[in-house]
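Quick one: the structure is below, questions incoming.
As written, the chain order gives the labels A, B, C and D, with residue 1 at the start of each chain.
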Amino acid sequence: MHTVTYLQAINEALREEMDRDERVFIMGEDVGWNLLGATGGLKDRFGTERVRNTPIAEAGFVGAGAGAAMVGMRPVVDMLIAPFVYPAFDQIVSIIAKSTYLYGGQAKMPIVLRAPMLYGAGNAAQHSDRPYPTFMTIPGLKLIAPASPYDAKGMLKAAIRDDDPVICFEDWTLTGLRNEIPDEDYVIELGKAAVKREGSDITIVALAGAVPHALAAGEQLAGEGISAEVIDLRSIVPLDRDTILASVEKTGRLVVADPAHIMGSVASEISAIVAQEGFWSLRAPIIRVATPHTHIPFSATLERPLYPTTEKIVNAAKRAMA
Amino acid sequence: MHTVTYLQAINEALREEMDRDERVFIMGEDVGWNLLGATGGLKDRFGTERVRNTPIAEAGFVGAGAGAAMVGMRPVVDMLIAPFVYPAFDQIVSIIAKSTYLYGGQAKMPIVLRAPMLYGAGNAAQHSDRPYPTFMTIPGLKLIAPASPYDAKGMLKAAIRDDDPVICFEDWTLTGLRNEIPDEDYVIELGKAAVKREGSDITIVALAGAVPHALAAGEQLAGEGISAEVIDLRSIVPLDRDTILASVEKTGRLVVADPAHIMGSVASEISAIVAQEGFWSLRAPIIRVATPHTHIPFSATLERPLYPTTEKIVNAAKRAMA
Amino acid sequence: MAITVSETDMLEMYRRMTRIRQFEETTQALLLKGELYGSFHTSSGQEASIVGSCMALRTDDYMVGTHRSHGHPIGKGAKIDRLLAELMGKETGINQGKGGSMHLSDFGVGSLGETSIVGSGLPVATGAALGSKMQGNDRVTLCFFGDGASSQGTFHESLNMASLWNLPVIYVCENNGFGELTPTHEAVSVPDIASRAAGYGMPGIVVDGQDVLAVYEVVSEAVRRARAGEGPTLVETKTFRFDNHSIGMPVETPGHAEMLVHWRGNRCPIDLFDRALKEFGCDEVTLREIDAQVADEVSAAVEFGRTSPEPPPEAAFTHLYTNPIRIDS
Amino acid sequence: MAITVSETDMLEMYRRMTRIRQFEETTQALLLKGELYGSFHTSSGQEASIVGSCMALRTDDYMVGTHRSHGHPIGKGAKIDRLLAELMGKETGINQGKGGSMHLSDFGVGSLGETSIVGSGLPVATGAALGSKMQGNDRVTLCFFGDGASSQGTFHESLNMASLWNLPVIYVCENNGFGELTPTHEAVSVPDIASRAAGYGMPGIVVDGQDVLAVYEVVSEAVRRARAGEGPTLVETKTFRFDNHSIGMPVETPGHAEMLVHWRGNRCPIDLFDRALKEFGCDEVTLREIDAQVADEVSAAVEFGRTSPEPPPEAAFTHLYTNPIRIDS
């Protein structure tokens, strides 16, 4: 075992997969320079062909990733910051998500897009999106959002080995986290949520940066005599409805914490699934703790209160228990 | 009163608003040629400056619409077919949705994007999207989906007069519909759902092309002794939660019919709202009748069964009543 | 001609051009009768541009195309039975009925799929070329796109990257004078799209798109360069579509009918090549025999499509992923 | 110089350049002390390019900019107090604290906002020019963008439309040699971005971006053309940023430090203009007085920002729409 940060975990995943499989390569703006801290050392180890700096042309290089994947490469495309996927949106939706289907299985699309989410940092509306709900509406993509160094490494490795397109939403509010992780190769199957804390009174499903808050809330609730089961969703598509439904069957109550805007959120989708499939277990309203349907302002005074916090999750849980 | 089709209603809205306000203009690919049937006669009436054919450059001309709106014009940008919004996605999300906020109210963004949805017509995965749920995740946009000629005209006119960006999702499975509409000018306030049929046993909320099916289902259920209240959502953002919650409070049961893919659908959002705000009224699971999370295939044999139908809505309602 | 073409190759060119034309005429008739459906863009009139380009490639070279998707895979050597079955939405279709008229393909002959979002194929082709380069093989990729598509940002991004990275890719702009109903000069701000190549530091060549040998020569040189590691080329073939933008579309392309008289009468690529072949000494009988063989092929393909089964309902859910996930409705 | 510039205008140029430099040096210091936050890209070194361009405009002309957002509005004539308050996220900020460092603006002086998605401003500027043209006024729009941004598809789409429609727009590419850490020649496949103008049928001009009068002359001619209905121009200013890509970024731009010695030592736009002004007969005292006045302005702006209130929490929800809707959390 050794201890790594979230970014080191990503770096290890990239390095190990590039060592293992020479078809794996990285491209994106300034990936060779380790601008954001996850690609350090890779250019020196693998060279500028496999750690390829691109022009600022997201549609072009994301689409080029798709073409390379179609002919047998396994690109990992670094989007630098999640909202920079938007200029490439058509390539992601029309080409990457649809080609396998459109050509009746002739095209494989083993491509990973890394989409670091930098919110809460005073970068304002154009730079602070957490756009996984936007992509949840697009069939053909797999979406993951690891919330710990351990998961970041294991899930990114699994994504790189998957034959389908995966967008890895990395939550950079978590870059301070450190985990012990195995020294040996490991992968985490996509599509499996993790029960992080067992409980019997209420289920809290959280994802991405909301997970530490949910865990803290579980802790705090325990102190007040409420036994919360905390589930880290980890994977958005496929969505592990079985784990969630089983938990709600046990607890009868559900809070979902999601750092994205509430409208069309993953929290809403989970609510809808449980309101349809788990209705008879429910003993209280399903409460979503998400970011309100407004843009992210620059001012820290304005920005800070918008996201899910431990306190908001605790309050929601108490309301559900009332 | 006079009778119009869905497309004629759109055409009248455009013509009247262009007559009324010379800042209103249309642009898009081949708008001058009336390619899809909604812009007939406009070029002759208003000339090629105000009915402007563009190159095939969606990001460019959608963004140009944004710039024109910023300096006081009121562009109506014709996307031809809804999925062609994807190449313009960044301009829509980063510029159109965010500028008013980003510049603290200095920028107004009175732009309308018309996004005709041509599904069920053998056009396969790249041409058949109904992408309103994708945009529901983006604050700063208003989204409408008129389901009748009357609404199409009144809502499009309201959208053109609104100072905010509105995407008008026109459902071209409805082009066969005809309505009597007033001869005088009228607008329909955005954000108001319409109760199309009153009932007491179950609420059916439907939108876009699912509305006629929901109405037929209401009819059929009545024959079987079930009194269904049918609500046409009409407007997605703002979303008329009050009308929905009031209805569910009365009926205690909810089915939501939505032609979009189920994951992250408007149906899911409505389910989540009701599971949170209307939970104590609910006497049965909320059932979503939507398109499964798969792409739209070319083959009619494969495509036809995917969308919501009267039969599926009836069955869902019966399940909720059981 | 600076290069020589064998008689066998010339006859193969003629055969593929004829195959495209007959395929289009037959399927168009089936569409108008209601036996086919969907948005239907034919390649009639553009056969020389297609076949001249494709014949310059090896079978294991890659090709990416457009919504006007029928001609390209045929030009690249695809068998037409599964293409025709695809137009019918049958299980035996090349895409198992999922792609239809705007998305023919045949990965078996390097046809990596036609994509109907205008301009979306250019980055894909660029990436396929990048893949080949990284794999160290000598395959090249050829990308077809229209004059209309040249206005998309993907054109710019792709050509810049291809030039920077010296990729083995040939961009073939089929300039048929219209993007849907809009004439090219109302959508493109310069007379020749090929002239934009200079802005990327790559050769840009205009060629008569009705002359299959001229196209073949120009594209062959571009392929040679690409394979030799000398980088990308932009080729613009000046051509014309013989049908309306799409078959069954209610609005006619303004001005098209008048222009068609000239193009069909004097600039039909098959007529022109027929005449050229005879000048090279090819006899009438050989050509008419090819016509007849192709006619048989097309009839057999129609029959194949007609007798093929519809896909089973579950097929709507397969191939969404290569490694499937559970899909709930 | 083919055009003559009045002494008043020259001193105004000097004042704005100095204002930008002092604004940047002061705010950068505040950032490093932790009084400011956010991604922070300074305009130091690029003052001549900015001010030479902006001074060629009228106040009622429009301007669109980039993530490197501080210099442009100042160049266009914005007062700096509300800009500085914006960097502090205060209620009195020009964007009421919602935009911050990458999004300065001042609609009052035609600064239609700086946008931090690279390349996203080009279509907006194109549309503003279209709007002016349709309104029949004689305003022009100037769009700043970087060498990095020139690789975005929006560049291509915008220039093609502007040329086709003969729009009154000037595209000013500030080529500072780097896009983030990547040198321009690794991202742009030709030596001069301005050479790409030919592919759109518009003039493309390279100018020394450190020489404010040279920039002013070139942009003035472009403005004259635009205003006269003669269409768009692409201008490339060769310039250099004196700071790292963004302040506080942990990775230094490779090679930048070495180049900076030369650029700061010999090619500082303010030093160069200071010298030129003296050659034109301007006296030292006048210039130092301007320096001092600007220093006072900047201090006052800092004070203004510091004493301004934080925005109230509800402000997070205002300006999402101009016609508000109910927002539920």
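The rule is simple: a residue touches a chain if its C-beta (ideal position, glycine included) is under 8 Å from a C-beta of that chain, and two chains touch if they have at least 3 such contacts.
Per UniProt, the chains are A, B, C, D = Unannotated protein.
Small disclaimer: the values here were computed from a predicted structure and weren't measured.
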item	value
Chain B reached from chain A - shortest hop count over touching chains	1
Both-way neighbours, i.e. chains that touch chain C and touch chain A	B, D
Label of the chain whose CA centroid is most distant from the centroid of chain C	D
Interchain centroid distance [CA atoms averaged], chain A/chain D, Å	36
Separation of mean Cα positions, chain D and chain B [Å, integer]	40
Separation of chain C from chain D, taking each centre as the mean of its C-alpha atoms, in whole Å	45
Contacts with two or more other chains, residues of chain D listed in rising order	93, 95, 97-99, 103, 115, 117, 120, 151-154, 156-157, 160, 164, 186-188, 320, 328
Touching two or more other chains - residues of chain B	54-55, 57, 59-60, 83, 86-87, 90, 94, 101-102, 124-126, 139-140, 237, 293-295, 297
Pairwise touch network: line, ring, star, complete, or other	complete
List of chain B residues in touch with chain A within their complex	59, 83, 86-87, 89-90, 93-94, 97-98, 101-102, 124-126, 129, 131, 133-134, 136-140, 237, 239, 260-261, 263-269, 271-277, 279-280, 282, 284-288, 293-295, 297
For the chain B and chain D complex, residues of the former touching the latter	25, 49-50, 54-55, 57, 59-73, 75, 90-91, 94-95, 99-110, 139-140, 142, 162-164, 191, 237-238, 241
Complex contact set, residues of chain D against chain C	151-157, 159-160, 163-164, 186-190, 195-196, 198-202
Residue ranges of chain D touching chain B (in the complex, touch as defined)	62, 64, 93-99, 103, 105, 107, 112-113, 115, 117, 120, 122-132, 134-135, 139, 141, 153-154, 156-158, 160-161, 164, 318-323, 325-326, 328
Partner chain C, residues of chain B touching it in the complex	29-30, 33-35, 37, 53-60, 83-84, 86-87, 121-127, 262, 290-295, 297-303, 305-306
